[in-house]
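Below is one structure. I have some questions about it.
Here the chain labels run A, B and C in written order, and each chain numbers its own residues starting at 1.
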Amino acid sequence: MILVRIAAALLVLACGGCEREARRFDDSPPPARPVTMSELEPGPRTMASTMRNPYEGNAWAISQGKRLFSQFNCVGCHGQGGGAIGPPLMDDEWIYGSEPENVFATIAQGRPNGMPAFGGKLNSQQIWQLVGYVQSLSGLIRKDVAPGRDDHMQRKAQEQSTDKMEPASSGIPASAEGRQ
Amino acid sequence: MILSLLQGWVGAHSALEPAGPQAGRIHALWQFMWVVSALVFLAVVGALLYAALHRRAAGQSAVNPDGVRSATRWVSIATGVSIAILIAFLGVNFVTARPLTSAPGDALQISVTGYQWWWSVQYPSATPSDQVTTANEIHVPVGRPVVMTLSSRDVIHSFWPANLVGKRDLIPGNKSSIWFQADTPGVYRGQCAEFCGHQHAKMGFLVVADPPAQFEAWLREQRDSAPPPPPGSATRGQEVFLAASCVMCHTIRGTPAGSRVGPDLTHLASRRTLAAATLENTRANLAAWISDPQRIKPGTLMPPADLTPADLAALLDYLETLR
Amino acid sequence: MTSAAISPTEAVREEDVRAAGELERTWGDPPGLMGWLRSTDHKSIGKRYIITAFVFFILGGIEAALIRLQLSRPENSLLGPDIYNQIFTMHGTTMMFLFAVPMMTAMGLYFVPTMVGARDVAFPRLNAFGYWVYLIGGLLLYTGFFLNIGPDTGWFTYVPLSGPEYSAGKRVDIWAQTVTFTEIAALVASVEIIATVFKHRAPGMTINRIPIFVWSQLVMAFMIMFSMPWVASASMFLAADRLIGTHLFNPAEGGDALLWQHLFWFFGHPEVYIIFIPALGMASQVVVTFSRREMFGYPAAVLANIAQGFLSFGLWVHHMFATTVPQLASSFFTATSAMIAITTGVQFFCWIATIWLGKPRLRVPFLFVLAFVVVFMIGGLSGVMIASVPFDTQVHDTFFIVAHLHYVLMASVFALFAGFYYWFPKVTGRLLGERLGRWHLALFFIGVNVAFFPQHFLGLDGMPRRVYTYLAETGWGDLNLLSSAGAVTTALSAALFLVNVWRSLRTGAKAGDDPWQADTLEWATSSPPTSYTFVHLPVVESRSPMWDHSVDRPVVTGMRTDLREALVTTLNDAIPDSRHYQPRPTIKPLVAALATGGTFIALIFTPWGLALGSIVITVCLIAWAWPDRQAHAELRRFEEGIA
C-alpha cells in the first residue's frame, strides 16, 4: 500500500524525466513560423498563438545549445550572456522579442548592427537548441532542465541557479513598438 | 606490411603482433606470463582434483598425524613456491618496464588532442609555417622514436595503437605523453580506449609507419595549403562548401574556412579513412557521411548537410581535390 | 546460568515445550502484511534481502544478454549507442551495487547470528531499516531506467563525462543517489555483523572457534566500513558539482578529474574483495562439511583472509595505470597487486589439504566449490598478469579486463551457488534436486568458460570495452559470436536453477535438521528455523560444535522467554557478560527508511531536499528511539529481572 504510493510519487517525479532525458540525434523539428510584429491586423485574428520551443523540456538539447553557443563563437559578441559588442542575453530586455519564435528568427535572419544570419549555416535543430540555451541564460528554462556549470573557469553562475527574469516586453519586439 | 594488407583498409590492431620494440617487449612479457600461469593452473587444479577424486584406503581415519605433517609440508612448499613465482614475476616485469619509460633524445614530437569523437593531430615546429595539422591519421617514420604529447579538450579519452605501444589516457587538465617506435612499415589501427560517450565505439585512428623518405614527403605535402580548385565542378563544390554549414566547423587552409570545432580537412583526400577510422575513404562513403552522419555514428556532433544531389556531387568533386 | 545437557531444538521435556511456545509468542512476527512490514527478524529480513538481490541478479543478467546479443555481430542494429550505454551502465551498477554486495551481506545477516548461537543480530530494527533503504535504492534506479532516466556513463561514472557539462539531465544524479542508498544499507549490515560477531557469540565460542564463514563476514564488514564512505563521498561530490556548481572535478577551477578515479577506486577495489571474501568463506564451510574434516590450517586460513582484507586497500591504483600516475607509485601497486595472490593461494592450499586428508562426498555444493576454484584460478592468474604496468597498458579497458573481472566475479557466483545448494535445505526445509543441480553446474561452467575465455583474445586483438558495436573488418565477429553463445548457455543454467528451486519448494525431499551432517551451529536448528532459532542458546566447546556431541549438547539455561533477550559475551573468550533487551517488531524502521529515501530522491532535484529532509529524518529517528508504552513496561520488567 505504502509501497504503491511511493511508486506513484516516483512515477510522477520521473515522468517529467521522460522528455527531459530524451536524446534525439536525428531530429528535425520544424522551424519557427513568422513572428508577430504588431497586434494590429485587419479582419479576425488569424495569427495563432506563439510556438513553444520543442526543446524547452529537453536537458540534452539545452546542453547542446550551450556547446554550440561557445563553439560557434556567440561568446565573441555576447560574452557569456553579459554582452560585449553585442547586447546582453541574460537580462529582461529583448530587443527583437522574447518569444521562442522571435529568438529563432533573430538567429536565423540576423539583425542590424552585426548579428549574422545563421539560417543557411545551422539547421533548425541546432537553432532551437541555441534558442533553448539563450532562454536559460535568463532563467526561463525549468531548473531541472537547465545546464549546470561547465568545465571551464567560472565566469558566471550556472544556468540552473539563474533566477528567472521575466521579459520586460511581451511578444512584440521592442524595436517594433518603437522603443530603443 | 603483410599484416596491414590482410586487414585491408582497417589496418593491424593486435597487441599480439608487435611492430615495434615497445609492443615487442610487452609481447614477450605476455608469453612468459601465460606459460607460467598455465603451469600454475595445471598444478593447482591438478592437486585439487587429485585430492577430491583419488581413491582412499579403506578405514582411513580423518585424524591422521602423518597425513597432517605431510600436508603441512606441502602447503608450506606451495606457499613458498607461490611467493617465489610472484617475486620472479615482479623481476621480469621490472626488466620489461624499465626501457619503456623514457624516450631517447632525438624523438619526433607529435601532439594529439582528443575530442568527442575524433583525434586532432599536430606536428609542431619552431617555424609556424612548418606546422602540420591533420586529423585521425598519424604518420611516423620507421625506425625513429616518436613522442606523442596527449591532451583532451572535453572528456577522458585513451590513445591506444596496440601493435606499437600500450595505451595512455588523455585527461583534460593534464598533459600526458607516450613514446614508441615503429620498426615495421605498415598501417596500424588504434581506437579510443576510455569510454567517452555515444561514439566511443567508433573513435579510431590510424598510425601509418612510412620509410623515412616517404614520411618526409608526406610531411611536406601536408604543410601546403589547399590549392585553388580546377575550374568546373570542383570550383562549384568549393562554393557549396563555403556557403553551407561546413564552414561553421571545418578548416581548409587556403580558403576562408578556419573553424577549429571539427577536423581539419585541408588534405582530406590524402587520408585512408573517414570519420575517425570508421569508413574507408571512398566517394560513396563520403557522400553517405556528409548527407547523414547520424546514420553512421548516431550522436556524433556533425549535423546532416541539407544539399541537393547536384550540390553534393560538386562538393565531393571539390573534396577529392584536397590531397 | 548453568550448562545442562539438553538438546537445543528438540523440546523433549514438558518445560521445554512450554518454553518453546512462549518463545514463539515472544519472537514471532505479528500476522498479516503489517506483520511482514514490521518484522525485525534477521531470518525474515535475510530472506527478503536474498530474494531481492537475486531478482536484481536476473535483471542484471537480462541486461548482459542484451549486451551480448548486440555484440554478437559487427555493426549490429539491435541497440543504438544511447540505449546501449544505459544498458551496460545498468548491468554494472545492478550487479555490483544491487546484487553482489547485498547478496553477500544478506547471507551474513541470515547465517551469522545462527552460526554464532544468537537469536538475532545485535540491532534488529536497524537491520530492517537497512533492507528498506536498499529496496528503495534499487527501485529508484530501475524506475529511472524504465523511464529513460537511467544512468548512461558506466557503473564507474568517470568525470568529466559524467559531470554537468557532458551529461545533461538527471541520469547521473539517479546513479549518485542509488549509490548513497546501497552504501547506507551496506554500512548497516556491516555494523550488525561486527556487533553480533564481537558481542553476541555463544558462550565458549572463543576467537579461534569462530566458523570460517563468520570470519569472512567479519572481514567483509570491516572492509565495507572503511571503503563505502569513500564512494558515498565521491557520489556526493559529483552530485554537488552537478546540482550546485561546485568545482571538485573541474580542472579549470582547481579541481581534478583524477580525484574521482582515486576516490572511486579506493572504494572500488575493496568492493570486489567485499564480494570475494565471503564467497571464500562460504566455500570454506562447504569444503569442511563435505570433506568431513575440520579445516586444515585454520589459523593460516583465517589470517590469510584477514590479510586479504587489509591488502585489498593497497591496490586501487592498478585501475589507473594508463593515467598520469607516476611510474614509481604505479610500481608499488604492481607489487601489492601481485602479493595479494598469496593470501588467496594460502586459503586454496588449506582447502586442498583439507580435502586430501578428509573423505570428500561429491555432492552438488562441493562440486560447485571445485568449479569455483577452477574458474577463480583463471581469473586470478589473469589478475596477476594485469598487475604488470606495461602489460596492463596494452589490455586496460579492453575485453581482456572484461574477461578477468567476470572470471573472478563469476567464481564468486559459483561459491554463492555452493552456499545456496548447501543452505537451501536449512532455509526452506527442502533439499534442492541433485540431478538438476549437476546439470545447472555443468551448463553454468561451460557457459562461463565459453562466454569469457574468448574475450581474453578479443582484448589482446584490440577490442576495447564499452563499445556498442565494432567494424566487420576488425575480424572480432567470430569470437564475439562464440562469447554470446556462452552467455546464452549461462542464462539457460540460471533458468535451470530457478526450475530446481521451484520444483524443490513444491515437491522436494524434506531436509530435516542436518541433512549434510555439518559441523556448525546453524545445523542445530530446525529446517526452516523457528522464529526463536534455539529453545536454549548453545554452548560451544570446540571449532566444530555439531561434531562434538551427537545428542546431548551443552546449552545456556535461565534466559527469559517472555521478553526478547540477547546474551552478550566478551570479545575474546565469549564468557557471558550481560543481558541485552531487544525491542519488539515495529514499523518505525520502514518509516525512517521512507524519510531517508524521500530526502535523497529530493536531493536529485534540489539542494533544499537535504535541509527539509533532514528535519523529517530527525523526527523519524526521535520517534524510533522513543520507547513506546509497551516497550517501557517491558524494559522495566527486564531491569527488575536482572536486579
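Note that in this section a residue touches a chain if its C-beta (ideal position, glycine included) is under 8 Å from a C-beta of that chain, and two chains touch if they have at least 3 such contacts.
What you see is a predicted model; the values in this text were computed from it and never measured.
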Reference chain A; chain at largest CA-centroid distance: C
Most centrally placed chain, judged by C-alpha centres: C
Distance between the centres, which are taken as Cα means, of chain C and chain A, whole angstrom: 48
Chain centre separation (chain B, chain C; CA means) in Å: 38
Residue numbers of chain B (touch at least two other chains): 154, 172, 198, 298-299
Shared interface positions of chain A, touching two or more other chains: 23, 25, 151
Multi-chain contact residues (two or more partners), chain C: 82, 160, 165-166, 251-252
Contact set on chain A toward chain C in their complex: 1-2, 6-7, 10-11, 13-15, 17-18, 20-23, 25, 59-60, 62-63, 66, 143-145, 147-154, 157-158, 160-161
For the chain B and chain C complex, residues of the former touching the latter: 7-10, 13-16, 23, 25-26, 29-30, 33-34, 37, 40-41, 44-45, 47-53, 56, 60, 62, 64, 67-68, 71-72, 74-75, 78-79, 82-83, 86, 89-90, 93-94, 96-97, 100-101, 116, 154-156, 158, 160, 162, 165-169, 171-174, 176, 189, 191-202, 278, 298-299
Chain B residues touching chain A - in the complex, by the definition given at the top: 154, 172, 198, 243-245, 247-249, 261, 294-295, 298-301, 303-304, 306
Chain C residues within the chain B interface of the complex: 80-82, 85, 153-154, 158, 160-161, 165-166, 251-252, 256-258, 292-293, 296-297, 300, 322-324, 327, 331, 334-335, 338-339, 341-342, 345-346, 348-353, 355-360, 362, 366, 370, 373-374, 377-378, 381-382, 384-385, 387-398, 460-462, 464-471, 473-475
Contacting residues of chain A [partner chain B, same complex]: 23, 25-26, 67, 71-72, 120-123, 125-126, 151
